[in-house]
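Down below are the structures I want you to see.
Both of the next two complexes hold chain A, though its partner changes from chain B to chain C.
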Partner chain A sequence: MSEEFPGYRGNALKFLKNAGAEIGDVIRVTKDGENWEGILIPRSEIGDENHIILKLKSGYNVGVRIDSTAQVEKVGAGVKPTFTPPPLPKQKTSLPKVAIVSTGGTIASRVDYRTGGVRPALSASDLYSVVPELADIAVVDTEILFSVFSENITSKHWIETAKTVAKHIGNGVAGVVVAHGTDTLGYSAAALSFALQDLPVPVIMVASQRSADRPSSDAATNLVGAVKAAANAPFAEVVVAMHETTSDTSIVFHRGTKVRKCHTSRRDTFKSINSSPLARMEDDTISLLIKNYRKRDSARKLKLKPTFEKKVALVKFHPDLNPEIIDCYVEKGYRGIILEGTGLGHVGNYCLSAIQRAIEKDVIVGMTSQCIWGRLNMNVYDQGRDLLAVGVVSLDDMLPETAFVKLRWVLGQTTKTEEAKRLLTKNVANELSPRTLNE
Partner chain B sequence: MSSKYSKIGLKAGLEIHQQLDTKEKLFCSCEPKLFKEEPEFTFLRRLRPTQSELGQIDSAALFEFQKETKILYEANNDTVCLVEMDEEPPHDLNREAVEISFISSLMMKAKPVDEIHVMRKTVIDGSNTTGFQRTCVVALNGEIDIKGKKVAIQQVSLEEDAARKTGKDGQLLHYRIDRLGIPLIEVTTAPVIYSPEEAKETAFAIGRILRATRRVRRGLGTIRQDVNVSIRDGALIEIKGVQELELVSQVIENEVQRQLSLLEIRDELKKRGVKEADIIADFVDVTSIFKQTKCKVIAKAIKQNKPVLAVRLPGFAELLKKELATGMRLGAELAGMARFWGRVGGIFHTDEMPAYGVTDEELNHLGKLLKKDSLDAVVFVADTLENATDALKAVVERAKVALKGVPEETRSANPDGSTKYMRPRPGAARMYPETDVPPIQVTNEYINALGNRLPELPEQLMKRLMEEYKLNQKLAKQILNSEHLDLFESLAKKTEVSSTVIAVAFTETLKALKRDGIKIEAITDEQFREMFRLIGSGKTAKESIPEILTWLADNEDATVEDALESLGLSMLSRKELEELVDEVIKKNSEFIEQRGKGAFGQLMGIIMKKARGRVKAEVVNEILKKRLK
Partner chain C sequence: MSEEFPGYRGNALKFLKNAGAEIGDVIRVTKDGENWEGILIPRSEIGDENHIILKLKSGYNVGVRIDSTAQVEKVGAGVKPTFTPPPLPKQKTSLPKVAIVSTGGTIASRVDYRTGGVRPALSASDLYSVVPELADIAVVDTEILFSVFSENITSKHWIETAKTVAKHIGNGVAGVVVAHGTDTLGYSAAALSFALQDLPVPVIMVASQRSADRPSSDAATNLVGAVKAAANAPFAEVVVAMHETTSDTSIVFHRGTKVRKCHTSRRDTFKSINSSPLARMEDDTISLLIKNYRKRDSARKLKLKPTFEKKVALVKFHPDLNPEIIDCYVEKGYRGIILEGTGLGHVGNYCLSAIQRAIEKDVIVGMTSQCIWGRLNMNVYDQGRDLLAVGVVSLDDMLPETAFVKLRWVLGQTTKTEEAKRLLTKNVANELSPRTLNE
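On to the complex of A and B.
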């Protein structure tokens, strides 16, 4: 692999070096009596070492195989495309102030036109220049916090994000928008819901399933919805703003503790689980779908509690789960385990003694359900009652991912087991709801 | 003929698009077919122009977007999955389609690429849910022989077909996405075609080669041609969507004529001393003139509180109504621009007046208000202030270009061979890699294997049609150009009917029916098969073919038996025929007595006429002879 020739190695690289050609140069490959002429394009990392990619005059790319008979020559120097983003729109100072904090992900990525790869390179201000409508909604202050695809987000990033959001709120913004990848957005939304207590203004997390360089991207619609909500929504909670359906007509706001990515690729991948979304925006109007919510009140004092215990595990039960895995966590000094049990909250009885050993060592074991929808009830069957008897904490209708984040947060707030259990089962950020409606 | 075109420097190139007959679509496993029923579900999207790699945004695209154009996509679960909805990344490139396009390429002596790279070509008119069309080059630098001349094939590519437009409702476009993703091969010739006739020959030759693979789809809309035309001092015009091969030459002739006429208008305007600075975007509100108008369009607009705006085009009198080429006038060109940029239904201009209920009195008023000279024309439009303003701005811009000659633009072909303004020519090609689809390496072994078992070339096929099926040259050529070639061969082998009868049915008969406006595309292969089976077994006569086909075209899902019954075309039984003969003899007994055996010919004629093709002449002959003894 070579830095000047991204993706090229072996035979192809040797030919290119000998020809003195650089990426972007016009080169000609001659073999079998045929000429191939075009601009030299970088090769994707998974490509083999025997092809050179040329962009033909027509704009099409083709791969040309380099064999022993091939001749490669440079015919012209490359013209490097200069990229000038459009100027930032004028700020209308009378509008509410909104901060956009970018952490990365598809919504903050754009295609590299030379390699075709999608890169997390779009700065928050790029977002703004690409979606000029934002200038009519709010005075936007942008900050690139990281450029991380969401699978690489860790609790370190949660903490940084929470602190940055708090900083902007401290500066008196009307709301904060956090751009984030979709894959682990549910976890981060839960983390911010616990870390940012007594919010005075809304924190809107936003993402997209199609990158912003595509004309059909959902990024702009989601972002516009997010900024409108940050500027004007009546609620002051952590929510996720995404497409409600496959159409570009409405955006819904899901509570950060009740939301889950439910589809690998659809625009409406996020669903509120065991809850209605908090609000919907359609035709520029936000309507609330839940009566009880924390109202916006800029006078309220934010409490920042950005501490998360690292040694907590999320274990999905499955047939033949080896109970030694639980022992292993205990030996490694883990302080909490969230089980994703079956049905109403069960695991195989062959796991019971390992769970008991863990609890005896002061490890908090919480139960959730892998059914995704519905509430636990561990009193219905013997298996459930046995688990309760050894001290497993039933987490009611809490999502497994939210329970995992919450236990980490709880253990970050207290070292006392009983206090931690109390906090774990107490509703902090709408992660628990007493009623399940027929929705 | 060609010297006329060489004098004016005609250069034309063709892009032939042909749907491939694959089991699945190009990037997913949906069956490539269309649906006629109401859509099972719809969804609404907007397409946002994105910056090109040069950091620019296409101005026409941006305009569409700013005008809040929305697209309602229609779909059903039979023909569409999440891939067409842009809700799931594309699957791997369909290998069957790749194979067919390589076979076609090799038949045109084009050189396959070593590695296929799928690209995204930006298209944001709504016809692609993604906002781009996926396309890839499979081969380059081929050639075909057109009457001894080598016509270069620049490129053969494989691409996904677009969604089909099903309507427009204000700013809401309707597209049906069943067609989206059907594999298309695109064959692009170099601009080396120098006459309309040569273009038509080339189009037919490419069509024959593609059909010779026996793996392309047929029927209305499965083959479409784009034509590029330029003449000296004119402009390069791209004409999209010529639906039929026969129309190619006519479209080019019309385009050449249109460009020549625009050059004449340019010269006339010069002669009249019109300068660009004279054409001013000074729009006058003339609503008050039309308060009592009898013109329905204007009256309706005024009732909705929409103004009537007018602009003066100095020196344009009589030029707007001048016919540029068959069915095309400068006025229509202005209207096309006004529709595109101003979203109006149309425009009015003084060259076509008085008409549409607009009176001389109103026109006098209009002329006075606009300070119209006798050599001037006035264009007026009734719509919202914004739309009317945009429309007249576009009219003024187009009028200015008339001073320079022919503007470069993309036009669309009408079924009658005329064309209309479609959109500005797209800017620098905006093509970037489709990173969701990995490149495909093409080995020499694979290409050699395909090369060793190429299908019969059209010239070989032609020879075989004449030898094997005893077709004369003209009929063989017609069958070769017909999309029913495969069906013809299978029927000629399987049924008792003579090959020539089948060939005539598929060529001359269908052509004649089509000319009469019969919807022949509604007739299915199964119906053709049944018809020839019934003719072969003597259930009906070959003379009934036109009648049966006409009936089938109007009665979808019916059988040929139904047709025979409904039309009374079943063969007469021997008994029925004997009765008919007896009846005729009885009625003509006097005549028979007079003429004796000499009456035979005439009687034969009467019986055949009464039987309307439902008998075989030999049998009538036999019975009649017996009876007359």
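On to the complex of A and C.
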């Protein structure tokens, strides 16, 4: 690896050196009659030694494999502006105080001004200086907690985030914004929903699908919406603030236990499942879409319960699922398994004995549906009744991902199986929706 | 177990005998101050010995747990009409020939005329006598292949179904209808799409969400639509025919590789993902919604390739996924793993070494997204590039379930890893959608 070419080594490094290129230069790679042209960007971890990463004009990055048939040329010098952040705007001390806690992800990515590469390293105060209108909404206190792309977030991070949010609430802020990657945002939002009980003020999780260097970036709009809601929203719940549609006209606030990432790249990727979003912000106005919600009340005392059992698995059923995998988890000392079954809550009859063995060893087995939308009913067919009869817990309309997080949380609160099952099926943070008349 | 009380034994059976009740009678169970009233229905498999199954007025079945505090009374005698199927309508031999192959599921359920219970046992000729208008559409040849609720369908059934469909096509039918349960219909539709290549005529898979004894049943509408399409549709592909919306006005035909069950109970539960449905039937007219399709041509020679490797798993990533589970599959001799990763195609960095170990043992690891909608791009972030660098195969916009079925099929066609990877990323049955201009 080389200091001038972070992340590059071997073959790729040799070609770059031979071409006399530097990070930030425009490079053309020709291979097999095709060519790629883009800005040479650094890699943040060492991968293989045969790829060069280019940022194309479209804003996307590609990795081009270099072999002996490849030609690498420098076709333009990098633009190397010096970036001086603007002076911090004067704080208007009469405004509500909002804490922004950054955990990483695209919304908290530093766009490297030299290379256009995306790195998970933007400080919360950088965010603040890049979006100066925040100064008109709130007095912002910022904290970089981690700098982690969200596929790498684990319960260790959930716990630290919950504690940090609680600390800021203890300091008397009007609300907390948590910046997070989109990939596992749904899981983390559920985790905070269970860990932060009786919230006095809102906790707004926010993300972006497109990094701030792309013209279609949703980072600034989402962040402004999140800070406004943290400062002023009438609700005191954990929500996810994201674009409602592909246009910039509205932000919706999804409840942390009902939200799911439903598209790999669209800006309106997050959807509330089996529920309406809690609220919408349009033209600076927040409209509530659900009648029953926890109202903001700064006198309410937050209960922090940030404990999650690690030995819980989410297992998606598929035809010919090997039931020995359930035994594997039991042998490894797992205490809970959430099944993502089919339809109204089924798995193949060839899995029944393994499930029964797990339950006999005191493992809690909960059922959800891979349909995603809708509600279980394990009483319609014999297969469902047989699963109930061996002790599988039907989780109604709970999202599989939320059920997984909840079972981890429940087993962090109690070691007693019956008490855990009771808590698992009790509505704690709006993870279960009431039946509507049309069902 | 008792002949008069199929499926009942132990405690439940004792209570039923004491009450002097028979299957089909109206029963009231009183327990803990609550009571349930409904028609006593049989169970098709032996479950536990403590539940009595009642069909409520709403049409749903409940299982009521009987303990020493329960009271069981007979409150009404069963209505026991004798059912004589209407005479088979006269076949109009000038009509196209259509084969209906029944594998089971709600659409092929016998509604027991005595009890109202739903059993997976309706013969295809029963279907025909219950929906007499079929006689005006086609000359129908019927075959009961299995009587299996679809959560119990495995690759063994895929193979038998593919062979049976091929047999009927060999006999010169204008199209084949396959009745199937909804739960794993998406998986089976993908399996037939790969196993039946160069189809000369359409294969229409059909199901229903509500059994024929419920006023809201979609069974007859879906079946009529499926037979019409088998007889007359211009396409020769494997499709799933289901309600387009919750009303009865249109049926859509989803391509077998792009379709997914997306609601536990709605009649429009099946959705085409990352694609439009292939066609719509409204007012008896079939409109094509996609330009490029395989046209019906009875002279085309079907290629039957009904081989599926059993040792392939679909593993959904979640925070703190234990990477040893990947090792478990490798130790059990698995040859392929489809990961359902996050976002653009990521998993936590703590899974990378286990994935690398699997690939070094010649296991094919394919990546899909748990977002369900959208397309992978593993070149945007380092995490994706690192996975590519160790040899993970990015599966673009393929559904996780389809990718799982395809990898099983691919490994049934070749034992050579490089050839299998090539086939896995090649478009075989429209499982990959072309990029559109807006992406």
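Remarks
Everything that follows uses one rule, which is that the second predicted complex is superposed on the first by the 352 of 439 C-alpha atoms of A that agree within 3 Å, B and C clash if a C-alpha of one lies under 4 Å from a C-alpha of the other, contacts with A are read in each partner's own complex, and residues count from 1 in each chain.
We take it that a contact is a pair of C-beta atoms (placed from the backbone, for glycine too) under 8 Å apart; a residue touches a chain by one contact, two chains touch by 3 or more.
Since the structure is predicted, the reported quantities are computational estimates derived from the model, not experimental observations.
Of the two partner chains placed around the shared chain by superposition, chain C is the only one that A:Ser155 touches, whereas chain B remains out of contact.
Chain A has more of its residues touched by C than by the other of chain B and chain C.
Contact with both chain B and chain C is seen for A:Ile53 once the two complexes are overlaid on the shared chain.
Once the two complexes are laid over each other on the shared chain, residue contacts for A:Thr245 go to chain B alone; chain C is not touched.
Within the superposed three-chain model, A:Arg375 lies in touch with chain C and out of touch with chain B [touch as defined at top]. When the two structures are aligned on the shared chain, A:Ser276 is found in touch with neither chain B nor chain C.
Of the two partner chains placed by superposition, only chain B is touched by A:Ser216; chain C is not.
Contact with chain C, but none with chain B, is seen for A:Cys328 once the two complexes are overlaid on the shared chain.
In the superposed pair of complexes, A:Thr342 makes contact with chain C only, with no contact to chain B. By the touch criterion defined above, A:Ser147 lies against neither chain B nor chain C after alignment on the C-alpha atoms of chain A. When both complexes are aligned on chain A by C-alpha atoms, chain A residues 44, 47-48, 51, 53, 60-63, 118, 264-266 touch chain B in the first and chain C in the second.
Across the complex, chain A is touched by residues 7, 43-45, 47-48, 50-51, 53, 60-63, 118, 149-155, 182-184, 187-188, 261-266, 269, 310, 313-322, 324-325, 328-329, 332, 340-350, 369-377, 379-383, 385-386, 388-390, 401, 404, 439 of chain C. Within the complex, the chain B residues that touch chain A are 43-55, 57, 70, 82, 85-89, 111, 113-117, 119, 121-122, 124, 129-132, 135-137, 140-141, 155, 157, 429-435, 438-439, 441.
Those residues of chain A whose C-beta lies close enough to touch chain B in the complex are 34, 44, 46-48, 51, 53, 56, 58-65, 81-86, 111, 113-118, 130, 210, 212-217, 220-221, 245-249, 264-267.
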